[in-house]
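Below, subunit A partners subunit B and then partners subunit C, in two separate complexes.
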Partner chain A sequence: MYAIEVSELRKSYPKKIPLPFRKVEWIEAVKGISFKVKKGELFGLLGPNGAGKTTTIKILTTLLEPSGGTAKILGFDIRKDAREIRKRINLVAEGERTLYWRLSAYENLKYFARIYYIPKSEENERIEGLLKLVGLWERKDDLVMNYSRGMKQRLAIAKALINDPEVLFLDEPTLGLDVQSAIFVREFIRKLVDEQKKTVLLTTHYMAEAEELCDRIAIIDHGKIIALDTPEGLKKLVKGEDVVEIRVRDFSVQKLKNFPWKLAIVREDVERGITTLRGQITEEDLPKVVELLVKSGARILSVEQKEPTLEDVFIKLTGRTLRD
Partner chain B sequence: MAATEELRALYGVATKSWRIFLSYKLWMVSDIMLGFFFVGQALLIGIGLTGQRNSPALQQMTGYSDYLTFAVLGFMVLGFGLTFMSGFVWSVVDELYAGTLEYSFAAPMRRITFFLGNVLVRIFLSFVYMAVYIPLFVLMFGVHIDPVGFFKGIPVLLLGTVGMIGLGMTAAGVVLYLKDPGPFINILEMLVFALSGAMYPIKILPKPLQLLAKAMPYAPTSEAVRKVVAFGYLNSINEITYLVFISTLYALLGYLAYKWSEKQARIVGLKSY
Partner chain C sequence: MPLIAIIEKELRMFFRYPLRVFSAVLVGIVFLLQFVFFGQAVLGGRYSPLLASSTGIGDYPTYALVGYVLWWLSVSPMEAYVWGIRRELQRGTFETNIAAPIRITELLLGLALSWLIMDSVLMMIVFAFGILIFGISLTFSILLKSLPILLLSFLAFLGFGFIFAGLVMMLKHIGPFAQIFEFAMLFFSGVFFPLNVMPKAIIEFSKILPLTHSVTAIRGIFVGKTYAEIAPSITWLLLLVLVYWLVGYILFRWAERITRVMGYGGY
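Presenting the complex of A and B:
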């Protein structure tokens, strides 16, 4: 049995709230995605903002009803067995304001312990253990509003472990965190899988994070999965092709539209007028690319060959970067 | 086992709600002051309109000659009734604003437990306020409340509570569904206040507004409570029967509206602000 089984999952949202006699247009956010996650696997959904990652997580955590398709968590159907699923899973939602800021860390966990039906006899011990695990025991009585962003996220993770879930959903768990906190969170997530054998599904738009953490990654774009494999497997999609990074000055984005090669803007230094382009270009094509760029009025500053990354896979598949 | 788990969840929500309430130090003070402003205003309006506290016209219409006692009883019902509105509606709106609602809704706890936990705190506060108000109103304003009559009114108030919970659930359902619930809540609160019969008998309202007032659970509860306090159960059979009808209707409506809206919210998605 898989921990998560998703088949042809679809979700449409109305553009406006449906009311009687109002014709409403629907937008399809998730367009028939399918994937399976094994128990004890760390599975990533990688994609840009608006790709359908959060919607997918909300459906799988039973917060949203799918418009079509099926999904099972630990063998339970998301439509029929929502409460059974909720007992066995937990989530860290995107954003900072997911906990009660006017309560202390201890009070927050106490609340969640009760609504997750943790027996009274285990409650205090579990809360203490979790707060120690995320390094917040010393600050347990401080109001959450006085915590830093990183501390809030650590508390959100502790909250997500309150019911000792078999499957954990993490929506952009390091978004907006400082470097140190992000490292802590990443290491913590990896430990949960390696040592506690949890199944984790995480969404991210940070390629390095997906590459570093995930056993397998599904790249999602415009509501569809466009590639699914291990990080190494995905990078093989661009192996054998040369990944080139070109730094240019006075580059016009309009010119890129008529380019015969898939090049994406990966960095823009507006102040200095320097644009960094990246894409898969063969040795034979490289002089033609440079010539076209020069003809378009751009000045070439440097041309560098690079090791392929997941970003290159995304560029190859979509012609865009994850930040676009 | 399941019932014990749900009760613990209910206790958890109530405790959380209570601690958050206490974290806003001035809420309780402002809530209590509101009651004194209401009664003070009633006293001034009564004297301003009739030149005295006792009104023969009011006596003829409602059986109460003392306008202040009439208004105090209305205020008690309104204050108690609004706890359900705020328990259901504001608990959703506050958590939507805070961004915490989804976390609570992602838990296995039943959603009705979440609402009832919030309502419990407000009921408790309502009783605390009553315990503060009644002796002070008697001492400061000389309000005449017969203790036996007052306690007779409590079961009627609880009967009306069923309808008020129903209306609260309906409103919570609508709030859950709307993108911007602010105007809806404002209008609803104004309607409840104007049509509750707290400050004046609804008989003085134009016919359509009288019908509207009768169609909500507040005015029928105020009328039934006042009549029972003044004249006893036997003389209030008509008011009690109507209250049973309207409360049952709202309980049903509240359940159906909330279920429908919750389903819709899962299709449309919970709004965040």
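Presenting the complex of A and C:
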């Protein structure tokens, strides 16, 4: 049995409240995705803003009704067995305000222990263990509002472990964290999978994070999975190709549109007027690319060979960067 | 019990800031005084024979205090949903709760109960204040006899408020609408002036509001009526408990289905 089994899952949001007899337009957010996650696997959904990552997680955690397709968590159907699923999973939702700021860390966990039906006899021991695990035991009685962003996220993770879930869903777990907190969170997630044998599905739009952390990655764009493999497997898609980064001044996006090559803007230094372009360009093509750029009025500052990364896979598949 | 946990959590957050509790009590008292003094100015004094003949209570402060306290309590569950849920929806804590295996109806009931308890504490203070400042005579037996009616009223208020639970989830922001409704109830339930000065249509409408019957019953007890004498109001309350719990529940299930299509968050 798979931990997560998703088949042809679809979701459209209504633009207005879909009251009976009311004609409403629908926005397609997830357009038929399928994937399977094995038990004990760390699976990543990688995609840009609006790709449909959060929508997918909300459907799988039974918070949102899908429009079509099926999904099973630990063999339970998300439509029919929501309660059974909720007992066995947990999630860290997007954003920093998913817990009560006017309660302390301890009070928060105590509350969630109760609404997850944790036996009272185990409650205190479990909360203490979790707070120690995420390094918040010393601050357990401080109100969450006085916590840093990183501490809040660590508490959100502790809450997500309160029912000792078999499957854990994490929506952009490092978004907005400082570098150190992000490292802590990534290492923590990896340990959950390696040592506690938990299944984790996380979303991210940081490709380095996906590459470093995940056993397998589904790249999702405009509600569709456009590639699914191990990080190494994905990088094979651009293996042997020459990834080039070109820094130019006075670049205009309009002119890039007519380019026959898939180049993407990876950085823009607005102050100095410098744009960094990146893409797969062969040795023969390089002079032509440079020539076209110069003709468009851009000034070339540097041309550099790079090691292919997941971002290049994304550029190759879509012609855009994850940040677009 | 998850229900207890919800109440514990809400009370903890409410009473964490004594200044806020104090200001809530102050608002409650100021509001009361305003209405009582305004009413007395209109009536031309504290005692009104007109009021006495139409309602049985001639002493305006007694009349208004009972109505006011019950009005405040009657809108409490509604406020819990209109403001309490909205706050949690906005912040994202609502989804964190929904994701747990606890039933959503239990979650909502817990929230409304918490607010009802907090408002009861508040109103006990306001009531005591009113009794003292207006020199209203009150016996222990009146209080004791009011208690079962009060509990029955709470049941009706909770059901009535539940109608708004679904609406808030679905529509997200109905605060302004709810506020108009709350103040309409002040007028349509005979809180500050007798209902029989109202047009017939409003008198009929007022019968579907639990507050109307709750106020009539408790005022009856205050002038020494027996349960038998206020039986019509009690019957009405029992009926409304059934109706509102049923209607509220059905409406909520319907709104919940629609909300699950749109998403709980979403601003």
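What to note about this one:
Throughout what follows, the second predicted complex is superposed on the first by the 321 of 324 C-alpha atoms of A that agree within 3 Å, B and C clash if a C-alpha of one lies under 4 Å from a C-alpha of the other, contacts with A are read in each partner's own complex, and residues count from 1 in each chain.
Simple rule for what comes next: a contact is a pair of C-beta atoms (placed from the backbone, for glycine too) under 8 Å apart; a residue touches a chain by one contact, two chains touch by 3 or more.
No experiment lies behind these values; they were computed from the predicted model shown.
Subunit B and subunit C, once both complexes are superposed via subunit A, clash. Contacts of A:W137 after superposition on the shared chain: neither subunit B nor subunit C is touched.
In the superposed model, A:R102 makes contact with both subunit B and subunit C. In the superposed model, A:Y13 makes contact with both subunit B and subunit C. Within the superposed three-chain model, A:Y117 lies in touch with subunit B and with subunit C [touch as defined at top]. Legend: residue contacts after superposition of the two complexes on their common chain; A:W261 is shown touching neither subunit B nor subunit C.
Contacts of A:Y2 after superposition: neither subunit B nor subunit C is touched. The intersection of subunit A residues touching subunit B with those touching subunit C, taken from the two complexes, comprises 13-14, 17-18, 58, 61-65, 83, 86-87, 90-91, 93, 95, 97-100, 102-103, 107, 110-112, 114-117, 159. Contact residues on subunit A toward subunit C in their complex (touch as defined above): 13-14, 17-19, 58, 61-65, 83, 86-87, 90-91, 93, 95, 97-100, 102-103, 107, 110-112, 114-117, 159. Residues 13-14, 17-18, 58, 61-65, 67, 83, 86-87, 90-91, 93, 95-103, 107, 110-117, 120, 143, 159 of subunit A touch subunit B in their complex. Residue ranges of subunit B in contact with subunit A, taken from their complex: 5, 8-9, 11-13, 15-16, 19-20, 23-24, 98-100, 102-109, 113-114, 177-179, 263-264, 266-270. By the touch criterion given at the top, residues 1-2, 4-6, 8-9, 12-13, 16, 91-93, 95-102, 107, 170-171, 257-258, 260-264 of subunit C touch subunit A in their complex.
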